[in-house]
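Have a look at the structure below, then the notes.
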Amino acid sequence: MRNVAIDRVGVRDVSYPIVVKDPKNGTQSTIATVSMSVLLPHDYRGTHMSRFIETLEAFQKKIAPSTLEHLTEHLRLRLDATEADIELVFPYFVRKKAPVSGIESFMRYEVCLQGFYCQETFDMIIGVKAPVQTLCPCSKEISSYGAHNQRASVFLKVRIRELVWFEELIEMIENASSAPLYTLLKREDEKFVTEQAYDNPQFVEDVVRDLAVTLSKDDRVTWYSISVTSAESIHNHDAFAEVTQDKRTKE
Amino acid sequence: MRNVAIDRVGVRDVSYPIVVKDPKNGTQSTIATVSMSVLLPHDYRGTHMSRFIETLEAFQKKIAPSTLEHLTEHLRLRLDATEADIELVFPYFVRKKAPVSGIESFMRYEVCLQGFYCQETFDMIIGVKAPVQTLCPCSKEISSYGAHNQRASVFLKVRIRELVWFEELIEMIENASSAPLYTLLKREDEKFVTEQAYDNPQFVEDVVRDLAVTLSKDDRVTWYSISVTSAESIHNHDAFAEVTQDKRTKE
Amino acid sequence: MRNVAIDRVGVRDVSYPIVVKDPKNGTQSTIATVSMSVLLPHDYRGTHMSRFIETLEAFQKKIAPSTLEHLTEHLRLRLDATEADIELVFPYFVRKKAPVSGIESFMRYEVCLQGFYCQETFDMIIGVKAPVQTLCPCSKEISSYGAHNQRASVFLKVRIRELVWFEELIEMIENASSAPLYTLLKREDEKFVTEQAYDNPQFVEDVVRDLAVTLSKDDRVTWYSISVTSAESIHNHDAFAEVTQDKRTKE
Amino acid sequence: MRNVAIDRVGVRDVSYPIVVKDPKNGTQSTIATVSMSVLLPHDYRGTHMSRFIETLEAFQKKIAPSTLEHLTEHLRLRLDATEADIELVFPYFVRKKAPVSGIESFMRYEVCLQGFYCQETFDMIIGVKAPVQTLCPCSKEISSYGAHNQRASVFLKVRIRELVWFEELIEMIENASSAPLYTLLKREDEKFVTEQAYDNPQFVEDVVRDLAVTLSKDDRVTWYSISVTSAESIHNHDAFAEVTQDKRTKE
C-alpha cells in the first residue's frame, strides 16, 4: 500500500436532484453538482465508491444548512472514515420584483454548502455566487459622459455559528454592487437601474471592501472569503479583487 | 453493415500547434482545435482514424485560407472518401494601438477556417469571433444619465470567392459595435472609449444590420452569417440577433 | 433601418425553473436553459426583450412535448411576429435499477425541446443527450486481452408526428451502446456491465447505424439526427460519427 | 477607504501569446491564460490595472521557471506593492513517438507556472496536467473478461528548489498511470497500449500513491500536490483522489 495516506478520495461531478429548504416556500427543488470524499488510511488500497452515492440518495430530499452536519457525519460513518467532506453546488431561485413596475420573475443564484468532518469536529461553509453590475468610478470621473459598466460575479463564502439564509447573503452582495441584476425589467425599471448604477460607481475593490465591512460586523459569521470578478466591457479580460478573513484570529 | 451511409465520421477536439499566415508578420504560431471528417459509404464498417492525424501533421505548418483547399483535398484522398470536411478554430492575435496614447498590446480574436470537399467541388468558409462593447440605445434614451453597456461577442462567417484577411473582418465587426475592446488602455484611452461607446449606442439588432449592409456590398463575399450575443449588464441572460444571407440566391 | 430583416432576435442562456411532464411521476421539477427568438421585419429597429421572459414565466409550470406548440404560438403572438422559435435544454432524471442488485438511483440525461413557428405551420424537435460506454471492436480484436473503452455521448434528435417519450429515446440510445451508465452500482453490477461491454464492442459508427436502423422503422419519427462522440481512452481527442435523415424525402 | 486591506487585486483570464523555454527545441510558442495580482493596502482605493498588462507585455517572450522570479519581482515593483502573484497556464506540446511503430505526433499537456512574492521572499510552483488512461483493478478482478477503463486527468504541482523540466513531471505522471495517451497510434500501437493498460490496472488511489512515492524521493521537490480525476466509463460522474504533502514539515 506504499504507506501513503490519501487526503481525499471520493466522487466528483455527481449531478443529482435535491430538495432544499427555502424560507419563502418551505422547499425548493433543484439540481446539485456534488463532491464527496473521505480520508483513506495508508493500509487501505481503495474506498467504497458506491457508498457515497447511497449516502446522497438517502439525504437528497433534505438538504439545508441545518441538515449538513448530519449528512456529513452519516457519510463519515458509512465510509468508516475519520474525516469526510461534502460539497453541494446548486442553482437557487428567488422571486424578485422589478424595482419600479413591481413585475416578478425568477432570478438565479448559485449556492454552495460545504461540510467538513475532521478530528471529531464538524465545520461548515455556506456560499452564494451572485451576478451583479459594476460601473467603473474612474471611467465615470474622467469621461464627459457615460461610464463603462458590466456584469460581474461576486462569490461570497462564510463560516457561520448561527443560521444565515442564502437570501441574506444575496442582499449583502447586491447592496455592495453598482446595481443588482433582474430577469425581467420593463422600461421604467431599466431607467431606474441605469441611473442607480451611474449613481453608485464601484470598483471590484469597493465591492469587496463594502462586503468585508458588513461581514466584520455580523456576529453570526466567524470567517469569510469574498471574490469579485468583473467582465470589463472595455477589455477582453476580467478585473478581480479578493479578501479572506478569519475573524477569530484577527487582532 | 446495416446498409446505412454515415454522413460524417472522424475526429474532434484535436488540439494541435499550427503556423498560420499573417499579413503583418509573415506567420503566426498558434494552437488550433481541429475537427476532421469524411463520408463513410454503407459498405465500410469503420474509417482509419489515424489518417486524420497524419494529414494534420503534414499540414500543420502551413495553415491559411489559401492552403485550405489543398489540405481538404489531401484529407479526402488519404481517407479514400468522396466527401471530406475540416474545421480549424484558433486564437489569432493582432497588435493593437490604444486610441489616444498609441500604446500597443496583443488583442485576441478567435478565428475559424472550414473546408468542405463534396461532389468534386471545394467550398470554404472563414470566420472571426470578436469581443466588442455594445451600449444600449434604449437605456441611453430613457435615462437622465448613463446607459448600460457590456461585453458582446460577434461571430461573423463568410464564404468568399477572393481572399479576405481576418484583419478585414475584425475591422468590419469593430466598426459596427459601440466600441472595440483593448487589452491595454491608459487613462486618456479609457476616457476616449467610454465616450465613443456613449456616442454610438447599438442594439444587437443594429450591429447585425450594419454588418449585413457592409457585407452585402462586398463582392468578394458570396454568403455570410452574423451572430451577435450581448452579456447584458442589467440581466443575467444574453440578448442576441442573427442574420444569414446567401447573396447568390437573393432576388 | 437599413432595410435588413433579421432572421432571429431574442434572448439566450436564460436559466429558469420549469416543471416537465414525466410518465412515471406525473411531473418533474428541473431547470432549463432557454433560448427564444422571433423574426424581426426590416421596418422595426428592435424587439421587446421583456416579452420573452413574460412568456416563459406564464408557461414554466407546464413544459412538455404536448404543450410546446401552444407555448411557441403564444410567443409569436406576444411578440407580434410571423416566425418564432423556442429551445429548452434541461437535465431530466430517471430512476434506474442496477442490472443485477436492482439497487436504484437517479440517472441524469440531458433533454431538449425545440419549437418552430414559421409560415403559419408549427414544427417540433425533441432530443436526448445520453452518456454511454463504447468499447472499441478493433482494440478487442487485435489485443490478446482487454479492450479500450470509454464514456461516449450520444445526442439524438427527432421530429415526430406522434408522441415519443424521452424514456423511449433513452432506451434506443442505451441499446445501441456497448453498455449503459449508472450512478450506483454494486460489485455484482460492475462485473455485469464490464462483461456486457466486452460482449458488445461498438465503434461510434456502429452506434450511429444501429440507431439509424431503429429510427427508420419507427413511423412516429419523420426526421432524425444522430451524433455520437467518444472520449477515446487511448487518445486525447474524440472520435465521432453523425447521420441526419429526413425520411419524407428519402427515395 | 473602509480600512480594509485587500489580499489580492488584479486581472484574470488574460489570453496572451508567450514564448516558453523548451529543452528539446530551445523555445516553444504557445498561448497563456494569465492571472496577476498584488496586495492593496487599506489606504489605496484602487490599483493600476494597465500596469499588469505592461509587465506581461515586457516578459511575454521569456517565460520559463528560471525567469519567473524576475517577472514576479518586476510586477511587484511596477505596482508599488509588498506582495505580488502571477499564474500562467498554457498548453505545452511534446513530440511523442508511438510505442511500437515509432510514428511521431504532438501530444498536448497543460502546464502552469505560479510565482509568489510575499514578505520579501519569492516562492514558485510549477505544475503539469496530463491526460492518462486508468484501468480499474476491481473491474478486472471480478470480471471473467475485460475491465472498464477511461481517460483520467492527473494534475501534479510541485514546489522546487532546483530546476525540474515539465517533461520530467509528465514522465512521472505517465509512469503512474495504466497507460499514457497518444495523438497518433497505428494498429500495432493500439494493441500495445490496450495490453499495457490491462497489465497495469490502477485505481485513482494507486496513481496518487505511486506519484507520492516518486516525489517523496526527489530531493529537488520540497512540496507537492497531486490530484487524479477519472471519467469512469461505467458511471456518469468522476472518481478522484488527492494528496498534498509539505516535505519540510513532515516528521
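The letters A, B, C and D name the chains in turn, as written, and every chain counts its residues from 1.
Rule of thumb we're sticking to: contacts are C-beta pairs under 8 Å (C-beta built on N, C-alpha and C of every residue); 3 or more make two chains touch, one makes a residue touch a chain.
What you see is a predicted model; the values in this text were computed from it and never measured.
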{"item": "Chain whose average C-alpha position is farthest from chain B's own", "value": "A"}
{"item": "Whole-Å gap separating chain C and chain D, where each centre is the average of the chain's CA atoms", "value": "35"}
{"item": "Distance from chain C to chain A - Cα centre to Cα centre, in angstrom", "value": "30"}
{"item": "Rounded Å distance, chain B centre to chain C centre (Cα mean)", "value": "27"}
{"item": "Multi-partner residues of chain D (at least 2 other chains)", "value": "14-15, 108, 138, 183, 185, 236-237"}
{"item": "Touch-based graph of the chains, sorted into line, ring, star, complete or other", "value": "complete"}
{"item": "Residue ranges of chain D in contact with chain A within the complex", "value": "1-2, 4-15, 37, 40, 45-47, 49, 137-138, 203-206, 208-210, 212-213, 229, 236-244"}
{"item": "Residues of chain D touching chain B in the complex", "value": "14-17, 29-31, 50, 53-54, 57, 60, 91, 93, 104-106, 108, 183-186"}
{"item": "Chain C residues within the chain D interface of the complex", "value": "107-108, 131, 133, 135, 138-139, 142-151, 179, 181-183, 185, 187, 190-191, 193-195, 197-198, 231-237"}
